[in-house]
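Note that the chains take the letters A, B, C, D and E in the order they are written out, and that residue 1 is the start of every chain.
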Amino acid sequence: MKKVGICDTTFARYDMASAAIDEIKKHATNVKIIRYTVPGIKDLPVACKKLIEEEGCDIVMAFGMPGPTKIDKMCAHEASLGLIQAQLMTNTHILEVFVHEDEEVNPKELKLLAERRAREHAQNLIKMLFKPKKMIREAGMGKREGKPDVGPL
Amino acid sequence: MKKVGICDTTFARYDMASAAIDEIKKHATNVKIIRYTVPGIKDLPVACKKLIEEEGCDIVMAFGMPGPTKIDKMCAHEASLGLIQAQLMTNTHILEVFVHEDEEVNPKELKLLAERRAREHAQNLIKMLFKPKKMIREAGMGKREGKPDVGPL
Amino acid sequence: MKKVGICDTTFARYDMASAAIDEIKKHATNVKIIRYTVPGIKDLPVACKKLIEEEGCDIVMAFGMPGPTKIDKMCAHEASLGLIQAQLMTNTHILEVFVHEDEEVNPKELKLLAERRAREHAQNLIKMLFKPKKMIREAGMGKREGKPDVGPL
Amino acid sequence: MKKVGICDTTFARYDMASAAIDEIKKHATNVKIIRYTVPGIKDLPVACKKLIEEEGCDIVMAFGMPGPTKIDKMCAHEASLGLIQAQLMTNTHILEVFVHEDEEVNPKELKLLAERRAREHAQNLIKMLFKPKKMIREAGMGKREGKPDVGPL
Amino acid sequence: MKKVGICDTTFARYDMASAAIDEIKKHATNVKIIRYTVPGIKDLPVACKKLIEEEGCDIVMAFGMPGPTKIDKMCAHEASLGLIQAQLMTNTHILEVFVHEDEEVNPKELKLLAERRAREHAQNLIKMLFKPKKMIREAGMGKREGKPDVGPL
């Protein structure tokens, strides 16, 4: 039985975590999911580390939706650095699933992007946990989570 | 009995810490508050870490009010990275509550923003300490501390 | 017998890892290669650290192909910082082999660049593992992996 | 008896350390001062850490005067991150006292600014070591070291 | 007998390490020098740390010559952060000696700058190892390695 941590924020404007949990449950039965919600993306790194070290999670997903301003972009950068550091301190993967509010102009499209990116990263998680050789076969294939793959050169 | 650290600066132009302490006391009786004031935001990370490791705080709030210049923005960025690192080294949340001086043109508005942001982050702290399930119910809801929530997409 | 870790992504648009593995096998027989594929470049640092600490690799190559947007550039920066940190935590070299999508306009040229850079960094790896004195003789010679050397001043 | 580390550079164009040492001696008799000079600001972080860990300093001041160019600004940023990290690794305050060469156009004004900032941060150090409650009373008061305080909103 | 690590790259276009080694040998007889060459500046941090922890170096010099492009500048920034971190992890000085290719337009001038900066930083190293009080006497004197000193204000 693998434990998966799901960490998200009240700042985000879409519940990506629920989409990911639904996707994980579809593809794996032997998984226990632990969810943890924090205010903003800068709270994610320590929350993910606690999921790994205090809850025993084998892998974690970190969901965030940075706003469009310069300060928001800086927060996303700081959160990303913290998430990488948390992984290095625990030797455990944390899949960062961020959707920037300015990736789409239309709110409906943004919502769809968030839903798809969450699900496709959940599929990555399943592969990383259970089918690492499948990941190798997709190496260099120009995959893009939430958007159409660009494919290999 | 939970211990809450409250860390702020003499550089800031509003006493957000007092607003937060007032808000915490309104919503929780079983909390001990330890306050620590430093000169500027770059002094916050180690001060917060000391509150956690030397004073035994279960959670900390870090208040700062970065100025409007390019150097001020860089200081805020450096402080934020330090706060994330301090959290990762202690497995303890530090809620960063920064109000940038250029978030409002009018000083009265800026003051109101600082007051509200401090209080709303204090409410986050209460939820994180005592009602983590309530946080999960607010996931993806587009919450904005100190400003009107933008809501879900 | 030396162990070499090869870490790459499904985001990349060219399978640089296979080129590097081919090059390593041409020049060294006493090497065991362990390959690990992750979704994106920000997943590389912890994957490389796991190759070192859990698989016992003596050196690792990290392949990535950052996209042309501002966010892509930021991801590359964050990944690079993580790779440096992973090296410092393990006292082990991780050769970062990144090809930025905007280094060439023509996809064919980009492909050639990726192939050549992967192979030339694989040659660096061979030297670092087996012929460190040869590296010293090339010090200050203006070497450029994947592109023509610019030579010494 | 408290030990205070004073760390500065040969790159700086004003001897801020001597001003600070003079100010500290005026306000405290029970203090031992250890001085350490390095070439540039990027050498400050490890020097400060050595003052703390090898010389037993209870607090350190780090003086620097970054030049006006883009590279100089980047060096200052890197040094600041290192100083924050050194503090987190030692649970000890390092007061960063940087004067940017472009803060004043007139060299005389720059000199005065450096002198005043060094002295006012030395006063902060005295408060932090001996009168922490005094710092709390000044929280949110818009203090500015070396320049006129801007005061509370 | 002190051990000095000398770390440089094949990317650089001038052999600064040899200039520094020559300068060190001129001024000190009781020094053992260990040289280590890596491909690029981002390989320097771990190489320097290995020189300190695996070869027992008392101090290290890290030579690099970042190119003129935006990516090159970012690499230099990342390498600098890594070098600072390596110092903090080992309590040992690493003197960063970087010459940016765009510091001079004329290749001859650039070469001269590299030669002089290497030698003047080697003189800093000698002072730091053997005459720390001499460094203190030069504090705040506006020293510039490789270029004319700007002097005190």
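The working rule: a residue touches a chain if its C-beta (ideal position, glycine included) is under 8 Å from a C-beta of that chain, and two chains touch if they have at least 3 such contacts.
All of these numbers come straight from a predicted model, not from anything done at the bench.
K.L.:
Which number of steps is the smallest that gets you from subunit D over to subunit E via touching chains?
P.N.:
1
K.L.:
Mind checking the centre-to-centre distance between subunit B and subunit C? Centres are C-alpha means, answer in whole Å.
P.N.:
Averaging C-alpha atoms per chain gives centres 41 Å apart.
K.L.:
In angstrom, rounded to a whole number, how far apart do the mean CA points of subunit A and subunit C lie?
P.N.:
Centre separation, subunit A to subunit C: 25 Å.
K.L.:
What residues in subunit C touch two or more of the other chains?
P.N.:
Those would be 81, 85.
K.L.:
Could you classify the connectivity of these chains, where an edge means two chains touch, as line, ring, star, complete or other?
P.N.:
ring
K.L.:
Listed in ring order from subunit B, and going the way that reaches subunit D first, which chains are there?
P.N.:
Counting round from subunit B, the next being subunit D, yields B, D, E, C, A.
K.L.:
Which part of subunit C faces subunit E closely enough to touch in the complex?
P.N.:
For subunit C paired with subunit E, touching residues are 77, 80-81, 83-85, 87-88, 91-96, 100, 121, 124, 128, 132, 135-136, 138-145, 150-153.
K.L.:
Write out the stretch or stretches of subunit E touching subunit C in their complex.
P.N.:
Where subunit E meets subunit C, its residues are 8-18, 35-39, 42-43, 45-47, 49-50, 53-54, 65, 71, 74-75, 78-79, 81-82, 85-86, 89, 107-108, 110-111, 114.
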